[in-house]
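Each of the next two complexes has chain A plus one more chain, namely chain B in the first and chain C in the second.
Right, the complex of A and B next:
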């Protein structure tokens, strides 16, 4: 799609005229998609660019010169075709379709989550009748029915476009949904004992053009028009699915996928979509902590600046007593490239240790979107230099060295991820023997509770920066949440700690993501030409950003609007 | 991805399985045998299709279970719930309704004291509404099991129809007792 709207070449170009506008398109492409690619809106329900053509809703009828109106979704363009999407007979046909779709629709928009992003509402504006012509009671059906563990079904609202059926057939390939019954009794359903339960099930709620299938997680949570949406990337694995974060009063209400044909098409997995509570629940680490003799009276809670000073002192003392390689730094794959860059600099220049590596919890991959690396930016971490230096130790090596007493101080960024990534026994042995444990984490956990020093980190939703996905596509992460006042992002903690270790004033060591990316673009191979503007909304593959004169994409990207 | 059908112990009797397989040569592809197969299943299982046989029928015909369910629910002649020995399908499409099908349906429900989806306590009768049976010219129409249509009915014809069916069931029971 992104190619189709940016001055592309066609193998068999044909010229069609839509509402008097001459448009060049590929021969055989479907008229509806050609119109949408060129910014001409033709109302539709059943058509979806990533699913097979159904042709069942009849909403996209247009005049093509054929004796009857044609459905644009299934009409291939041919040279010289003249199309009228606005004439009175087209409008009349659409009004007819709308009237039939609404005959049994409950019109319970005031309590429907879809309200505000509903195609039935939108098109009613253009083609709906003011009053019904029938007095018959509306058909009754299942309401608030859990059709699967993560999707709620409202049978009365369904218009039988079959998008969800095609999704489970063609995309998730799990075949849970089908149209049951015939005629007036047709309805979407599942086979007995086989609910809608697959790793991608909530996408059916995204593509449902009405309020029939809804995300259980978002059900009756917030009116969509109160959401502030920020374009970002999912943090739950190295795929980097493009998402929008729907925010309300500084809290994430939902994640929805955002179209990027080179990454996630227009889908995301249920796990990634629903894995956001950690960003805002009571497990967030908000306080800096210093335990032991340096503790401030009875409460171990200190200012982050004081905790950084203590961390710097402990690291300095360890280096002085045992050498720099008595310090081991376990980095996080959840940090942005810009933060990773400063972590690598901190380890290499300020501490001088070669014991540096990135923690990468792994799990199942499914060959579609779900990747084995369960953090977003493991690749970026390695490319920024968060990897063992010369004769330095990796994660397992550092834990073994700590258990053996060679490493005296462990600086763990992401202790919960570490517990996920390594054997519990190896971790326990390391922690039992290490003199000083510094934990920097977004969330509390068993190791943060035991650490000498805790530095609260920030989650991806609080940051501006970039992630590099498993394919080497560098993508923008945008701040959607305001961080706790006075807290520093992980990059800010690294720059300040680096300054303290170098005997400088940490107040002068502010972290600047934009400036850091500029530095990365000069120093890290493959990142030439990368900038926030160059990455736009869809990201750029490593090595493809230079020359810097390439045209910048717009913030909105080129993907057409999709029914939510 | 999940939702693989659970492995179930075979419930298709060997004779039924053979009867389905024997149909294969009559059709260009196996999936086309589905309607016949479902009729055979209903013959074997007292007029309805138990849930447990669906994955097996699907596997036999190279289909997914959901495809079979879709067909079972599309056609009024297939029952996914137990039915009476005499299952009365009342056409409630437009022509039949204009000629009194609603009244017939109501009378049957009252007389037999069953609602659609229920079976009389003796197991003899069940009723259901169906879409057009294709006999609008002789509306209203009832079909009992797979027999020929009862056409041009009125509510007054119902006691006679039910008597006829009760007599037949009694004769069947008597014949069974003699065996």
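Right, the complex of A and C next:
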């Protein structure tokens, strides 16, 4: 984000006048960005704040006092510059660019996924002609071409802004896309045998200003104007890329990245973008289950309250017979900080075991966005105290102890993540030897099917709370989906289980994320001053929320604007 | 509910009208019998002047500007013209259109896998027709939506499809009226 919108001081301030408005900017910043930062709209296609300047579309031309119009995206501001973005010759230039772009543009808007968030559509309202002046038929091109496994390409709609080419060149550094041909024959393409296939490929669909590159996953799925967007964080690794969840009728339709210069700039990886089906498909665990003698009749499905009672009875019986350390609790890195806090309290105070750890499936990291820890909140979990207590055991230790018969009861939050994180043999040996397996998970799976008690959890999109990413940035997750009627979030399960173990009425043990965060901000070091309001849309780094070190942004009263 | 109660003494009213009530009856009889004999004559000479039609056996031909139920245009190949662009769904003020788009192998790329209109809620405003970029939804001359259940007033795609030639007059009218 440029200096102007964060209210910071400029090193070399210059004053430019745009449409009669005096604006202070950093010397050498590009005029287009300065205008955008100050809320002045200059139509543009090829300029993208995170890519190099191309200057190919000519849409951003403005009058700067030079004899000819200048492209704002590649004109550095200098002191005393007078800019006119509204004069008749500027409008005429824009109309000219639009007419040329539309000569060969198909009338595809009704079947084009970009419609509703298309630059070309938007600017057509302002600068398009109603009728074409050319008689020749529109040029034909590839339609619905799978240019890569996750991206569809429509050549007719391309306006050759080269944003996608620059992306594969500068950001993903994979160079799949290039402009082939010259002049009127120019077109975007890939080399034979080298499709657009990299870990970040769908970002090209986001930055394509028209509907030429589209996400195959979202293709013809839903009109964008029907989506309700909720600001959230990607749950698929500890980077915590900022995203928007596009919802329709309580279902996630797509994830798109949201700009946060300190985390993901304006990108996200394909895996994270496409990893949301688990939140709503038929594998979701919706019912609480109690198996074995305690089950009533043939159906093991019980109410969550009954399953919680049964769980607390089993835990109590295990503590009484073998001591608290015969209970092992394997926490999930997918839960919010607030829930982790209650999990730690449950293990420490209500159960009294020191065998507590967070399950962290790991994988490849790539040095850009993708992190090795494949859950969003492993760091938060550890900081909230979900880690082995004194002489307590970690995940591997607990499994070994269970296999050796020392741990009699395993309480696994996230059995599928556990299966991913540890060796199958070690897991099998542990499961064979425990007396009681309690599984709390969002999705069913082989271990949930075998568990004595299953407690249905909720996915991140159903919760309000915070995640702490690998850099220690605390970020807000917001509820986008309504959870199943009558279900409890994982935090609610912990508070109720804690109440039951303490002999209290579970109905009084409601989980309140906001109040929990207030408590965390008092008790956990680094989290001082954290609150949902303080985190805002971009999050705050640990230790920086306290009022003493607080915001430079209050100076001009401007919180960082939410960039497009 | 509190309301005002007016007591009417009908007998007294009839008495007060007196001989005039007889006169009113005569006036009424004259009007009806005049129509009766005129229509009878018209029927005999083969030029009926009567406006009444034998609904439902017979139906009046409505002018093309008439706005009845919105229907979907069925092309000659038996498929809908609609590409599930969602503009009518957006334009509809009472939100009675529900579309689920899907991809097709046809050149048109999109089609409505589901296209429902809740006729019990539709108010025949014609905004869907105005919004449609494909001339795929038009106001027809159909007005019969009576059904035995609420589900019966929910019209699905198959109920809504009408062959394009049966809608020719309306399509022509639409083209003329939205032409700029």
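Quick note on the criterion: the second predicted complex is superposed on the first by the 544 of 564 C-alpha atoms of A that agree within 3 Å, B and C clash if a C-alpha of one lies under 4 Å from a C-alpha of the other, contacts with A are read in each partner's own complex, and residues count from 1 in each chain.
To be clear about the criterion, contacts are C-beta pairs under 8 Å (C-beta built on N, C-alpha and C of every residue); 3 or more make two chains touch, one makes a residue touch a chain.
Just so it is clear, the structure is predicted and the values come from calculations on it, not from any experiment.
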Partners on chain A (chain B, chain C) - clash or fit: fit
First, second, both or neither for A:503, with chain B first and chain C second: neither
First, second, both or neither for A:219, with chain B first and chain C second: second
First, second, both or neither for A:115, with chain B first and chain C second: second
Contacts of A:198 with chain B and chain C, given as first, second, both or neither: first
Chain B or chain C, by number of chain A residues touched: B
Overlay on shared chain A, then closest C-alpha pair between chain B and chain C (Å): 25
Shared chain A surface residues [contacts with chain B and with chain C]: none
Parts of chain A lying in touch with chain B, wherever the complex brings them together: 172-185, 189-194, 197-200, 366
Chain A-facing residues of chain C, complex: 83-87, 89-90, 101-103, 107-110, 133-134, 180
Chain B residues within the chain A interface of the complex: 1-3, 5-6, 51, 54, 64-67, 69-70, 73-76, 131
Touching residues on chain A, where the partner in the complex is chain C: 109-111, 115, 130, 143-144, 219-223, 225-226
